[in-house]
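Some notes on the structure that comes next.
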Amino acid sequence: MTTVRKVEIVTASLEIEHVLEVLDNEGVSGYTVIRDVVGRGSRGARPGDELTGALTNSYVMTACSAEEAERVVAAVRPILKRFGGVALVSECQWVRH
Amino acid sequence: MDTSLLAANLLSPPILFFALGAFAVGVGSDLEIPTPIAKFLSLYLLFAIGMHGGHALHESGLHTSVLVTLLAAVVTAFVVPLYSFAILRWKLDVHNAAAIAATYGSISAVTFVTAGAFLASQGRTFGGHMVAAMALMESPAIVVGVLLVRWLAPAAREAPRAALGRHLVREACFNGSVLLILGSLVIGFVTGTPGWNAVSPFADGIFKGMLSFFLLDMGLVAARRLSDLRSAGAFLPAFALGAPLVNAAVGLALARLLSLPATDAFMFTVLCASASYIAVPAAMRLAVPEANPSLYVSMSLAVTFPFNIVIGIPLYAFLVRIWWG
Amino acid sequence: MDTSLLAANLLSPPILFFALGAFAVGVGSDLEIPTPIAKFLSLYLLFAIGMHGGHALHESGLHTSVLVTLLAAVVTAFVVPLYSFAILRWKLDVHNAAAIAATYGSISAVTFVTAGAFLASQGRTFGGHMVAAMALMESPAIVVGVLLVRWLAPAAREAPRAALGRHLVREACFNGSVLLILGSLVIGFVTGTPGWNAVSPFADGIFKGMLSFFLLDMGLVAARRLSDLRSAGAFLPAFALGAPLVNAAVGLALARLLSLPATDAFMFTVLCASASYIAVPAAMRLAVPEANPSLYVSMSLAVTFPFNIVIGIPLYAFLVRIWWG
Amino acid sequence: MTTVRKVEIVTASLEIEHVLEVLDNEGVSGYTVIRDVVGRGSRGARPGDELTGALTNSYVMTACSAEEAERVVAAVRPILKRFGGVALVSECQWVRH
Amino acid sequence: MDTSLLAANLLSPPILFFALGAFAVGVGSDLEIPTPIAKFLSLYLLFAIGMHGGHALHESGLHTSVLVTLLAAVVTAFVVPLYSFAILRWKLDVHNAAAIAATYGSISAVTFVTAGAFLASQGRTFGGHMVAAMALMESPAIVVGVLLVRWLAPAAREAPRAALGRHLVREACFNGSVLLILGSLVIGFVTGTPGWNAVSPFADGIFKGMLSFFLLDMGLVAARRLSDLRSAGAFLPAFALGAPLVNAAVGLALARLLSLPATDAFMFTVLCASASYIAVPAAMRLAVPEANPSLYVSMSLAVTFPFNIVIGIPLYAFLVRIWWG
Amino acid sequence: MTTVRKVEIVTASLEIEHVLEVLDNEGVSGYTVIRDVVGRGSRGARPGDELTGALTNSYVMTACSAEEAERVVAAVRPILKRFGGVALVSECQWVRH
């Protein structure tokens, strides 16, 4: 088991492609996406009952090294600033197989 | 207003299912349409409207009068958001004013088909090119809204210009719902009668039932949204009720000027009066993230849409009947 | 029992698709209907049944005999959970006994439509007011179940009474599925023949196909659930097989007493015999969270439902034929 | 980056409105909800294949201060006691934008 | 090749909606069909094809000639993956070669129905037993693919043999899509004309519309997948274009040898030329996880499927017309 | 509140039954599953737009003791090795109700 960082990002579904590009550019080994999560934040509710995806969020999680986490965080910050959302970083153990 | 028109409109399953949805939210019911189903119903309606219009256009052919109507539609769709913006700026910042202006400059396909069903229940039809007019009226307002922000909002001016153009075209013309209705229209046109016969049990037979189901969901969503407007003061609800009336008047006048046939005039008026809650919000969410979606979505979905389908449609029909005789 | 009735029932697509679903689980297939689709099919059935019943009611009108039937339906729906509770208390605690009693006091719309399809395959129809009877029979058992818990379970007595009333009404009457079927019934009634013509390709044309698809999913879910009952001893499976028979007998006797026409008597018997697996579980989950849902859901869905649609329906038809001649 | 608490709650979907009310009352800055998750716990399986939502769970996550986390936990405990579910609290870094 | 055949095929709504989907991806549109809906459409098509084939089989009866065709179908489905594997091994490891071989040995139900719609648009029909042939051709390739890996990949040999058998049968025969089409076929057969009449507005009426919708999604998915093949060199795309031609030739020759009627020969050729993208990927993902799904899925979905429905179908029809006269 | 381990596993949806069997065997008190998540990893993209579930992932989370976590990790490792995916272990506080 290796100690890694788990970066979790929630942002507007329409912006998720943008976030995934960032992850690909920063060279993380992989990521997992949960589409169509809903929520509430400083910009009001995103209830997800819209008839398009305009008001739903998506959740992305990546397990990566501390340095990668730092680069990812720096790169997604402007996206979150403009389109809203949160990014959380925590420590965990990755079971290498 | 003629009460028989009001009754003819109210006593139809789609309208009553809309009311049922709103009632369900009012009494705290847990009735709910799963999101993927709502999206499917919405795609289905675009598919069906497009195929139907394409087929009708194939039958009628592309006359000059058709082209004039289409041109008028596009011009209106550029002009409406401009004067709407001027009014909205009175109380709102540039971002919100532009997003709401775009919303009201564009159209609502479901309002359009509800009006079509209203006509059909009286045994009347409208020209297939009105569907083309509708499709062409979706995008200009998006372009206008984005450009207004670029020109008038100080911060936005710094954003790279190259990206703007590419994004704008993509959002305005290749937006999922615009593309589907335009694509279906073209497919309905080129496949003609054999194409229409192949898909009509799906695109026509079950249409009213699917529409009723979709309006049930719209009733649920609209009623949930109404509360978003509570804290917003009186200006926005007043705009949401006034804009359809003003835009309908513009539409009526233009239709009269161009001597459109009565049913086409009616459908054109409905288009002008309606406001977008699918294509424009999706575009504005990306292009003007500074604007508050709960304002423009709620105004359009929770006020203007119900107003149009319940009162607007019979009212516009009444006016057309008076004016066209 | 007449084997031709059994064959007529078994050789219909809906029943065979139910069997296919159960078979798929038995052989470990990965066949699966996505959850939002299952929910849509279930909403569709309620919509279609309601519109159909409303239209039929509009055609037949509201006679005294109709009102008598409706009254009988409501009374039965209050009484069945009471005696069921008495029996269940013999082996179970108050919470589980009340939840299961409510499950069997209420009805299953899919059992009802399967019975209707069985009649239709013999060219026979039933009164549209039976749909109203069905809708009215959904809620009383929920009220009875919740009140039994309030009165007889010591801990629950302390809960605030005010909240109870509000919740009870909401769960019992504005429960999503109750509201949709009642709403569709009313809409079908008030929009009459034009309304029905508009939606019938959707609500009637594709009905049997959608029902077959839904029963495929029911077969999958029921078979998966069967294992939940393994560890529960013999009492609950026995109840799940005995209750429909006893309740059918009660229904038959009452129908005879009221001299209902044969087909209405048959449908009423089916309603009495059926058990809820949608409205009541949703209500009980909230109102009696102490009860174990895998018991009441599994009994109703994995035992009573298949029993009714495979054996019960032809059996009740046979008894009606004997008794009514 | 600020150190915050991440509170994760899984409970019956039918009760989720109740949990969200608690979050709103305790004044957390936002939350993210994943609807229709399934699971197994002390009250048996919630397989989510029900034809209503009666047997599915929902997942709620909120990033908040340690004090808010404590108040949230105290307020949801009775809901979890009555309707089942879990609440997990962990530490993480919130990327303020 | 006769251009009228090409036009007849291209100018049909399903094909044009496929093109619309691909176009949407090309221009970066956000058009998207929700996953549960795509799965529902796919289950619907299997249901409808199965019921339709079962009914047709019931009408025509089970002649010797039918049994001969079915036998030929099964034999072909065992042989095609063997020679495909031999070719693929030239450039690929055992795992990927076996998975791709299985993909091309099996069939695509949507290609089959598109071919059927093509025939129908010319007022021609094919024997209902061809649906049975299709269902029987799905599984053998899975068995062959798994056995090839077991025999030829060193590491796999150590895996427990008992589990293999059980898994293999489950994956090959009780795979969701295989089970649904076979089950629907049997149900269509045993319920005969009354069964078919009950479900035909669903299984037949709205079929072309649902197919168009599904092909829209296929267009989206196929176009997104095309990029997966970019980095894979020229061999795999060449195989994906060459295999349908070779397999079609095998199918044509066999059909000629067995003197199948022209329309049955055409459908059989289409089956041979088509490649699986549902049943086989699901099976290979579990049984040969070492193979790269983006290869076998992309080849089948993004190259062979579009090739077949756009060019292959009119080409095979042309060849049949020449050879059968 | 008790300190526990949170084990998060992402793997192919088709293999999820297998992972749940492991969890049941190791005797964890419960778990929560999110079906149909998508992602990218060392074996390429799992975009979830397949017409079957062949290319989607599922996410499983269980809160358990440190010993259970170790046993679970050991038991899922071969599954992840063969079918791909990740397993992450972190520490958190479980709110006992």
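Each chain gets a letter, A, B, C, D, E and F, in the order it is written, and its residues are counted from 1.
Note that a residue touches a chain if its C-beta (ideal position, glycine included) is under 8 Å from a C-beta of that chain, and two chains touch if they have at least 3 such contacts.
Here the structure is a predicted model, which is why all the values come from computation and not from measurement.
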Graph distance between subunit B and subunit F, where chains that touch are linked: 2
Can you tell me which chain lies farthest from subunit D, using the average of the Cα atoms as each chain's centre? E
Looking only at C-beta pairs that count as contacts, which pair of chains has more of them, E-F or B-C? B-C
Using mean Cα positions as chain centres, tell me which chain lies farthest from subunit A. C
Rounded Å distance, subunit C centre to subunit F centre (Cα mean): 38
Counting in whole Å, what is the centre-to-centre distance of subunit D and subunit E, each centre being its mean C-alpha position? 45
Overlap residues in subunit A, where contacts from two or more other chains coincide: 14, 34, 48, 53, 90
Junction residues of subunit E, two or more chains touched: 30, 32, 34-37, 39, 176, 201, 205-206, 282
Complex interface listing, subunit A residues touching subunit F: 1, 4, 6, 20, 24, 29-35, 63, 90-95, 97
Please name which positions on subunit C make contact with subunit B in the complex. 34-37, 39-40, 43-44, 47, 51, 170, 174-176, 179-180, 183-184, 187, 190-191, 194-195, 198-199, 201-203, 205-206, 282
Considering the complex alone, what residue numbers of subunit F touch subunit E? 12, 14-15, 36, 43-45, 47-55, 82-84
Show which residues of subunit E lie in contact with subunit B when the two form their complex. 11-13, 16-17, 20, 23-24, 27-37, 117, 121, 201, 205-210, 212-213, 216
Considering the complex alone, what residue numbers of subunit E touch subunit F? 35, 38-39, 42, 176-177, 217-218, 220-221, 224, 228, 277-279, 281-282, 285-286, 289, 292-294, 297
